[in-house]
Structure formats: structure tokens, C-alpha cells
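The structure under discussion appears below in the form of C-alpha cells.
A, B, C, D, E and F are the chain letters, set down in written order, and residue numbers restart from 1 in every chain.
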Amino acid sequence: MGIVVQNIDRVDLGLVDRLGGFGVATVHEAQGRKGLLAPFMRPIYDGARIAGNAVTVSIPPADNWMIHVAIEQCREGDILVVAPTSDSHAGYFGDLLATSLMSRGVRGLVIEGGVRDIADLKAMGFPVWSKYIHAQGTVKETLGSVNVPIVCAGAHIEPGDVIVADDDGVCVVRASEAETVAQKSADREANEAQKRSRFEAGELGLDVYDMRERLKEKGLKYL
Amino acid sequence: MGIVVQNIDRVDLGLVDRLGGFGVATVHEAQGRKGLLAPFMRPIYDGARIAGNAVTVSIPPADNWMIHVAIEQCREGDILVVAPTSDSHAGYFGDLLATSLMSRGVRGLVIEGGVRDIADLKAMGFPVWSKYIHAQGTVKETLGSVNVPIVCAGAHIEPGDVIVADDDGVCVVRASEAETVAQKSADREANEAQKRSRFEAGELGLDVYDMRERLKEKGLKYL
Amino acid sequence: MGIVVQNIDRVDLGLVDRLGGFGVATVHEAQGRKGLLAPFMRPIYDGARIAGNAVTVSIPPADNWMIHVAIEQCREGDILVVAPTSDSHAGYFGDLLATSLMSRGVRGLVIEGGVRDIADLKAMGFPVWSKYIHAQGTVKETLGSVNVPIVCAGAHIEPGDVIVADDDGVCVVRASEAETVAQKSADREANEAQKRSRFEAGELGLDVYDMRERLKEKGLKYL
Amino acid sequence: MGIVVQNIDRVDLGLVDRLGGFGVATVHEAQGRKGLLAPFMRPIYDGARIAGNAVTVSIPPADNWMIHVAIEQCREGDILVVAPTSDSHAGYFGDLLATSLMSRGVRGLVIEGGVRDIADLKAMGFPVWSKYIHAQGTVKETLGSVNVPIVCAGAHIEPGDVIVADDDGVCVVRASEAETVAQKSADREANEAQKRSRFEAGELGLDVYDMRERLKEKGLKYL
Amino acid sequence: MGIVVQNIDRVDLGLVDRLGGFGVATVHEAQGRKGLLAPFMRPIYDGARIAGNAVTVSIPPADNWMIHVAIEQCREGDILVVAPTSDSHAGYFGDLLATSLMSRGVRGLVIEGGVRDIADLKAMGFPVWSKYIHAQGTVKETLGSVNVPIVCAGAHIEPGDVIVADDDGVCVVRASEAETVAQKSADREANEAQKRSRFEAGELGLDVYDMRERLKEKGLKYL
Amino acid sequence: MGIVVQNIDRVDLGLVDRLGGFGVATVHEAQGRKGLLAPFMRPIYDGARIAGNAVTVSIPPADNWMIHVAIEQCREGDILVVAPTSDSHAGYFGDLLATSLMSRGVRGLVIEGGVRDIADLKAMGFPVWSKYIHAQGTVKETLGSVNVPIVCAGAHIEPGDVIVADDDGVCVVRASEAETVAQKSADREANEAQKRSRFEAGELGLDVYDMRERLKEKGLKYL
């Protein structure tokens, strides 16, 4: 505790943006069904889809001091990812902090805790994925750390990992795997486009995926 | 397990649509306050109101194979109703399966599990009532059954029962009671319209429902 | 139980409206970080912000009789605040009761229980903050009390207290403190406006709030 | 609602007791992994294992009147199974009702609601599996039904079905399948006894169940 | 915040002990079914039954400083009642604080938060009713208040109120009503003893409480 | 997925046992208040306290195949730590698997999922900390991995880390920090012993920890 790592490796924003374009479900599948944060992480408003480099914050319960420290470490294209050291629904974050982050080009916030000023954040277009919405004020008394590995909503996140977030939730992509995952996501998307037209035309998944034989072997009975 | 019942009796869509017109709260009351699914079943977007014949699916946790099997059993005016055999927030369902269902005229999905591709489903106008929103991929390994009686979100549902769903949640109407319930719903709605004008005019429920005497008998005291 | 207090002191609506203008987060902070209801109290639709004088109802689980009794005690500028004596997700309240309340100038409902007719309430523009959305019907059998002190969603509320509610949740302000809290809220808002421009200009909270020295004393290390 | 079915078919107590001897996990597996109630149904004290014929009660939230009605329908070897029509943690049941049930030879209670007098029930040796422990008193105002099909904690239960309950939770066995399930449970238990000695001797499941080849085919890699 | 009220009125321990003898369910009923804390408040070990005068603590989330302040205000026969200002599962309390409280004759702890050193507390015989069990350490940075009115687990508690706690949960009795409630509890207990013998003798509640006529009027049908 | 790491570094059992002797709360504090698993991880019976080297398993929801694979990798003094890739209350583990683990000297199981055969596991003296108790059977269809880093109940765990578990919950100690943490735990315990005698003698924490001055500075007021 009490450490701020200042220089972290980030993924090139071109690559980050490619990942963002695919969205959470595709990226999650493309990287072998890993990296999802828990489903209690919900967007405060619908329709946002972002990707960015993770600046991580390990923070005490009900104390938002380290968010101020973390902002200085943020730059264009980052997403702030905050995990309390124990569950807390305090309102760690509101429109003033969002103003500060937006002035630095930060794209959004992912926090396993509470946020407030929801209406303002929506009006400003600053997207947040959080566990709670709660106005409860926090203190500024205890240190945490910035840009250390954290567990946020059940997912292990390293500083500089790519975060993808949309209406389906939040997914983390290891920086080292970002290029491969983007490639596989593109393949998956192409493949899905093809499937989609067949489904639109009324073909069944049973035939498109050639499932009938295997279902029969397993013993499926039609009455 | 491993059974697909192919021919089920369905309720005439004219009657189904009458029930859909009344909405969940009215239908639930009209049939004697029964048939509601648990309140954790929430629509993925606001404003949808549908009714349809239930095609039921009993499905293993985190395995969506049987949804493909079930789609072949669906037809115009159906609603797919899916219940995992144990609680699961896996993302069983997304935009491709929705495309397939829409091509068959299916009106929506009710699932005591997770869904994904929320933004796409909303854009497509395919309504879903689910317990979770989660992108977690599923496997295709284990059989379940289609068109058998299931318990979904605490409600017993038979294939061919009528499902009504709107912003208030989901309600099931036994096929055999659909006509009676539609009749009683109409009566209730007429009655409510009348009440509504009296309330708009400033009359009190205490008088409209003639409650003052009984409250007094029970011992209510005004200070 | 079984008591209706008819004459309660209310806060002047001018003052109430000033509090409403500030919103939940500001009012909560201005009064020393107290008064919030639990975060499970969520609005049934986005974007409403109201303030009003509390008419309180202590009500049995799954029995909404006393809401009818309470309506008679409501007047222009009130907010109905309902707390079941034990947790209940029954649907205590729907569009007819809302019609009745609107005809009396009541501004909204806060209920630690369930509501229904969500789509209608949204169309009518009658805002509700509730713990549950559920269509489950209630009975009218057992007395409760109106305008007695209650605990609603973890907050102690006296009849005539000011309720402020918006997308962040719900906050109660003691009637006796309303003037002071409004004053402090105004100060806070002015102060925040100033801070906002500094943040927009790219200044950091570390400097705006002069935190660097104290962080150093606590032992924060930059790597 | 408002119906009491007086004559229900019960399973012979010899067969019921055989099922009870196997316990929940074995019976659940033996009948094809079905019949479990949700895991929130916990015993109020450890170490009880019972089986009995279900006398079912559909009951309003926070109203225990129908339990009194149901007791008259109970006899030696029964288990009372109670499901509120909507979620309720009221304390429906305590030591007096247990005294009454014990005098009729009833073996226990399964209730998707609250119980109280826990210390007394433990001292009396009357086992209960419940969703909640709560002292909240109930009313006696609204009818429910006795010996109708119910959904309790997610499981469909018919009057006269066999209930098996132990520290693992609660399982229902259809009356019509009780004999077959008992037979399969015995087979399973014999098979497990044999396995147990092999495991005690240090053999691995990988070999006992002959899994190595299939794991290899699926692509498992040892590093 | 930041207030310690040093002189509070306490209820005579003779009266407190009479209330403790009746237990939570009886006292709750005797005072008109009020005063229960939420059912998530569970004892850390079975079998304790205590009563005492409440010393109340309003405490910040994850900060246990004020417990030290409160201990000085405790005396023989007290129960410490702690409520965080927002939900927190931090481990506020362990065996050292219990040692300190026991040395002053304090009878137990009621905390809407976390405790730790469970095994030690059980060995020492110091009972605790808590919302969580968690070892998470707390800080000592922010003031709260001692002996002010608080809301703990949904119940309003004044300093000097009587707390009764046993395996059923926790109940508060207003100091001013303690004598009356003790009297009514004694009446209730006498009445229950009489009922118990009738139930043991096999009489039915239907007859003991004379319910048959009213059930018939409500329309109960026996098939 | 689909990887088994066979050779992992383990911490010397002498050191592991020293850590186990201190228990969860002390070890957690000694290592700077980190390493705790979430409080929903509860022991299936009271009174167990263990420590061991982590053999980690990443496992699909409701599929326990990899536990069989993992057992072969276990040896004397290990603790099996299992995390499903998405939340699952299936009953992954019962008495047969425990028999197999005991024959290899494994000390216990930590699983963010369900277990069954609770009564047997207690009788055998095989301790388990789990999120759920549920008898629901699992399948053996999909690969996971053994001895890879996992997130279990919110904590990042590496194979070979030391796990400490008792009635307070579960804590992980990095292998590389085990010696230091043991040392600091011993210091802490010595320090606490000294404090305990002072508290027993009636001294107050306010004096033992010298808090009065700082409380005064913060503005604490005694009335």
C-alpha cells in the first residue's frame, strides 16, 4: 500500500480502438471466454461502448483519496479502474472527478463500489460501470496504491491492460494478448455476420452448426 | 432429460393478444393473484409488452445447447421460456439466437439466467426478461428437455401456457384458463377506468371503496 | 399501530424547492453526510428530481390498506414515504393510487417495498423510488399508522421532514435543519462551480485541494 | 385459493424411510439430478435427516392462518411444506405449532419463509428447513390452500410426494417414482461404497473412472 | 457527528433481566409486533440469550475508532449497539475489544457490520449478533458519535433502550415501555404454557383458537 | 484452459504450520491487511483451523471434472482451491472426493462454489470453506486448468501460495512473503497478549493506545 507506479506500458490506441469496436461479448469469446468482470458491474446509463488502457487503483473502503492521486497518472485513452480492498457502496466518484478525468482524455470509469451525480455524468457523457449507485460521501485519510495489479469484480487486472466495456458489462484483455485477441475478434465477427444472414433466412442452428447427429448420439428423443 | 415434445397445444393468438393488451398487473389480479414470476426477472429494455404461447426449455447450468433444439419447435406467436436446472448467470443467449427466433415469429425470451448482446437486442427490438445480464459464454455438451413442465423464477409453467410480460415483470396464465382470465381482465380494466376518473376528480379511495366503517371497527384512531 | 396523526408541521414549499434544486448528493454532504436511504432504493425511471414534505406510513407486509388512509392526509407538495414493518416485495402501489395522489398535488412516492404499473407511472410522470418492482397484489386487512416516525430503507424519517430524491437515490432532511442545510448546500454548490472550472482547465485535485504534502507525510511513494 | 384437499395419496412409510436413509445428495442423483430445492433452504440446526409425505400449503405473505388449517390434514410420517405466494421473511412458525405437529407424528417443516423459537425447536428436536429465521409475527386474515400443487424454493411439489431433507438441503421425489428412486439410490450407494475403499487405498478418480483417455482427446496438456 | 453523551438513563437491571428471560419472539409480540432488527443479524454462536441497556455507536464505514470511545461509556449490564453510517462488512470487533467490554460487565455486542476472532469470542463466551463475519481490518481516522439515536439493521434505537437478543435475532424495547412489555410478556408466556399443554394433548389450533367459523365465512372449501 | 502445471514450488510445511497457528485475522493484519477472500466463504462446520499450500483449479460452472485431475497433483499439506469461471452453486464436491484427498494428506478445500455431503465431511473431519451448500450434481465435459493463477472469492491466488482458513474465513499469503508474515504475526500475537492483560485489568483502549489527544484534536465533544 502507498505506492504509485508512474510509468506503465500502454497498448497503442489504434489497437485499443479496434478492440472497443468489437464489444465485450465478442472480445470475451475471442480470448477463450475469460476476462469478464462480475455481472453486478452495470453501466450508469445505456448505450456507451468504450475501450481504454487500465490505470488501476487499489483503494480503502469509503475513502476516495487515491482517486485524486491516480488522476495525475492518467492520459488520453485511459480508463480508470478502481477496486476497494473490501466491499463498499460509498459514493467514491462524482461529476467533479469526472470533469478532471475528461480534461485529460480519460474515457470512463470502472469501479467495484458506488458512484453519485448520475444525472450529471450522463449529461456530460462520461460513462461509468459500477457495483452501486449511492451518494454516500467518502473520506480522504488512508493510502492505497496506483498502477499495481488489482482484482476488480472478480477479474485480475494489470495496469496497462485493455478494458472493453459496453451494455453487456466489462472485460479485460491482457496487454500482451491485445493484438491476437483483436485478430480473433475480427474473425469471429466475420463468421457471425455470415451466420446471421443464414439465420435471417430461416436456417436453424441445428443445421448451421451441424448438431443433429451429436444430439442423437447423446440420446435426445423427439416425442 | 433429453426429451423434445414436438406437438403442444397452443392458445389461439387472438386470445393471447387480448391478454397481452391488459398487461401483467391486470392479468395477475384477474386470475386471483397467481402466476407471477419472481421480481428479479427484469426486461433488458423499457417499454416492451408482449404475450405469447410458452415453448419451455429445461437446460443445464451454463450450457445453451437445448436453445438451438427448442428454436425448431417455435412458431409465430411463441415466447421461449428457459429455466436452468440450477442457478446460472451465464450468457445463454445473444443476437444470433434472437435473429433465428425472429425469423420464426417468436415474440420474446424469458430466461432465469443471463443474456448478452443487450445493445443489439434492443436495436433489433427483441425483448428479453432475464435474471442476469452477462457475456459469459456457454458450452454445448449436455442435454435438457423441450416442452416439458418447468419451474421458471418460482412459477410453474406448462408448454402452451400464455406468457404475458411487460415493464412490471412476467406472468403465466394456464392455457385452460386463458379465456376466463381475459374476460375477468376486461371487467377489471373497465372497473379501473371508472375508478380512475373518480380519483382524477379528487375522490378518495376511503370513499370510493367505502373503507371508513371497517377501519373504524378495526380500531383506527385519528389524532 | 392504528394511529393517524392529522396535523403535522410542514416545511415551507419555497424552502423545500430550494433543497430540491440542489439534489441528493449536495444535500447529503451539506448536512454532514447523513440522511441517505439505502442504495437499493432506485427510481422507476430516470431523470426525476423532486423534493417534498414527508407524509409517513408504517404498513404491514403485503397489505396496502393504510396507503388509502394516508392519501387523505396528503396535500400539495408532499411526498408519501412508506415503510413495511417487515421486508416485502409486494406491489403496494400502482397507477390508480398515483392518480389519486396527483389530484392532491403529491410529488412522488418513496417506498421500501414493491410497485407496479411502471409503464403507466412513467407515462403519467409520477416518480417513485422503490426497493422492488413487482405486480404482486396486496390485501386490505391490517392497520398500520400514518404520520408517525418510521425507519425507511435504514433512515429515520419524521412526518414533515423534507425528502429529496433524484437519480442518485433518496435523502431526508430534518424539518428543523432545512433552512441551514439549504444555506450550506448553496455554499457547497458555489464552491463546486469554482472547482469545476479549475478541473476543466486541467488543474489536478492534488493541487486544487492541496493534498501533496499530507500524502507525503502518510508515506506515499512514487516509483 | 381457499381449498383444502382432505384425501391425498401417501407413499408407504417403509418406502419413505428407505429414501430417508439415503439422504438428499444420493436421492437427487439417483432420480436424474432433479428435485432439489434452492440452496437458500437451510436447516435451523445441524444433523437432522428426515423423510416424509408432503402436506403442501400455499400461503399468503406474512399470514400463517392456513398452517393451522393444514395441521388437521397431517398424520404420522408427514412433512409440512409451506410456500408463500410471494417472498416473505415473516416468522410463520414457532414452538406451539411444532408441538401441535409433533403430537400428530409430523416429522418436520419445510418453509420458504421465516421461522422463530429456534432454540425451543432445537430443544424439542423438531427439524425445520427454512429460507429465513425471523421473529416477525404474522396475521390470520387471508385464505390459502392445503394439499394443492405448489412451487417451494424453485421445486414443484405435489401433495403426497416424498420429501427428503438433511444437512445438504431438501429434495422432492414424485410419489410415482419413489420405488424406482429408492432402488437406484441403493445401487448408487453400493457403488459408492466400493469406490470409497478404492479412494481410501489411494487410487485416483482419473483411474477409477477411467478418465485419462478422454481428457487427452479434449486436449488437456501437462506441463 | 463527534458527540459523546455521557449520562444516559438506563433501565433497572432487574427489569432488563425479566425481559431477557422471555426472549425475542415473546417480547416482540408483547409490544405489538415492533422492534425487531432485520433477519440478517445473526448470532456468531448458538444458544446465547441476553438482555441489556443499549449504549449506541454511530460509526463510519470500516473505521472502528469510536468503539474505543464507547467502551468508556459502558457499564455492568450494557449491550453495545453499533451501526455504520453506510453498509460495511469490515471486521470492526475482535477478542481484544471483547476482553475490554467483559471487564466492564458488558453483556454482548450488536453490530450491523463485521466481526472477527469468532472462535475466540465463542471460547470467551462473549455473544455477538452481526451482519457479517469478516477479518478485514479497520482504521481509526474519523469520528462518529456515542449514545445518540441510531438506526441499526432497520430499527430505531435510543441510548438506554433495552436490547433483547437470542437465536431468533435481536429486538429493541423502548426504555419507557420496558415495564409494560415485561408485564405483557409474562401474560403471553402464561397463556402460551396453557396452549402448549392442549397442543401436546392433540387439540388443534382450529379449535383452541376457535377458527372454524371464520374460515368458513371467508369461503374455505374442504374437498 | 486445459493446462496442468505439475511442478509447483511449495512453502515448507514447518513455515505453513506456523502461519496456521496464528489464524486468519492475525495473518491478514500482519501482512498489511490484504489477502482475505470475500466474507461469503464460510466453513461447513465450526472449529477447524488449517493452513496449507494452494493447489489451484480453474473450473467451468457446474462441471467438476478438473477436480479429479487436480487431485493427482496434490500432496501432503496441500489445500485445494477451486474457482469456477462464472458463479455456480452446483455441488462440485462430496465425501468421495474428500476421501481421495485425505488419502493424499490434503488438509481441506476452499471453493467459490457449492459442496454436498456436509454431514459426512464433518464426520470425516475434512474441512471445507465454500460459497454455497448444495447437492446439485455436476457434469464432466469441459476442461479447466490446474495450478494456474486464479481469482477465488475476490483474491488472487498463485499455486503454492499459503492458504490459512478458520472460523473467520480464508486468507492467502504469497509464498515469497510467508516467512516475513510469520515473523510479523508472531510479533503481533506477542503484542496482543500484552494488551489483553491490560484490558482484562480494566484499562481502556483510549489509554492503552493513547487516543485521547488525537480524538480531541479531531473535535470529539463530551456532553
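Just so it is clear, a contact is a pair of C-beta atoms (placed from the backbone, for glycine too) under 8 Å apart; a residue touches a chain by one contact, two chains touch by 3 or more.
A quick note: this is a predicted structure, and the numbers were derived from the prediction, not measured.
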Set of chains adjacent to chain C and to chain D
B, E
Hop across touching chains from chain C and tell me the fewest hops that reach chain F.
2
Homomeric contact chain B-chain C: same or different residue positions, threshold half:
different
Tell me which has more C-beta contacts between its two chains, B-F or C-E.
B-F
Return the distance between the CA-based centres of chain A and chain E, expressed in whole Å.
42
Here the gap between chain A and chain F, centre to centre from mean Cα coordinates and rounded to Å, is 28
Centroid of chain A to centroid of chain C, CA atoms only: how many Å?
31
Chain centres from averaged Cα atoms put chain A and chain D apart, in whole Å, by 41
Numbers and ranges of chain F residues touching at least 2 other chains
33, 36, 85-87, 89, 134, 136, 142
Complete list of chain pairs which touch one another:
A-B, A-C, A-E, A-F, B-C, B-D, B-F, C-D, C-E, D-E, D-F, E-F
Note: in the complex, chain F contacts chain A through residues 1, 32-34, 36, 38, 85-87, 149, 151, 154-156
For the chain E and chain D complex, residues of the former touching the latter
23-25, 28-29, 33, 36, 39, 42, 46-47, 49, 166-169, 171, 192, 195-196, 199-202, 204-206, 209, 211, 215, 218-223
Any idea which chain A residues touch chain E in the complex?
60-63, 85-90, 134, 136, 139, 141-142
Residue numbers on chain B that touch chain A, as the complex places them
2-6, 45, 65, 68-69, 71-72, 89, 91, 94-97, 99-100, 103-104, 114, 116-119, 122, 132-137, 140, 142-143
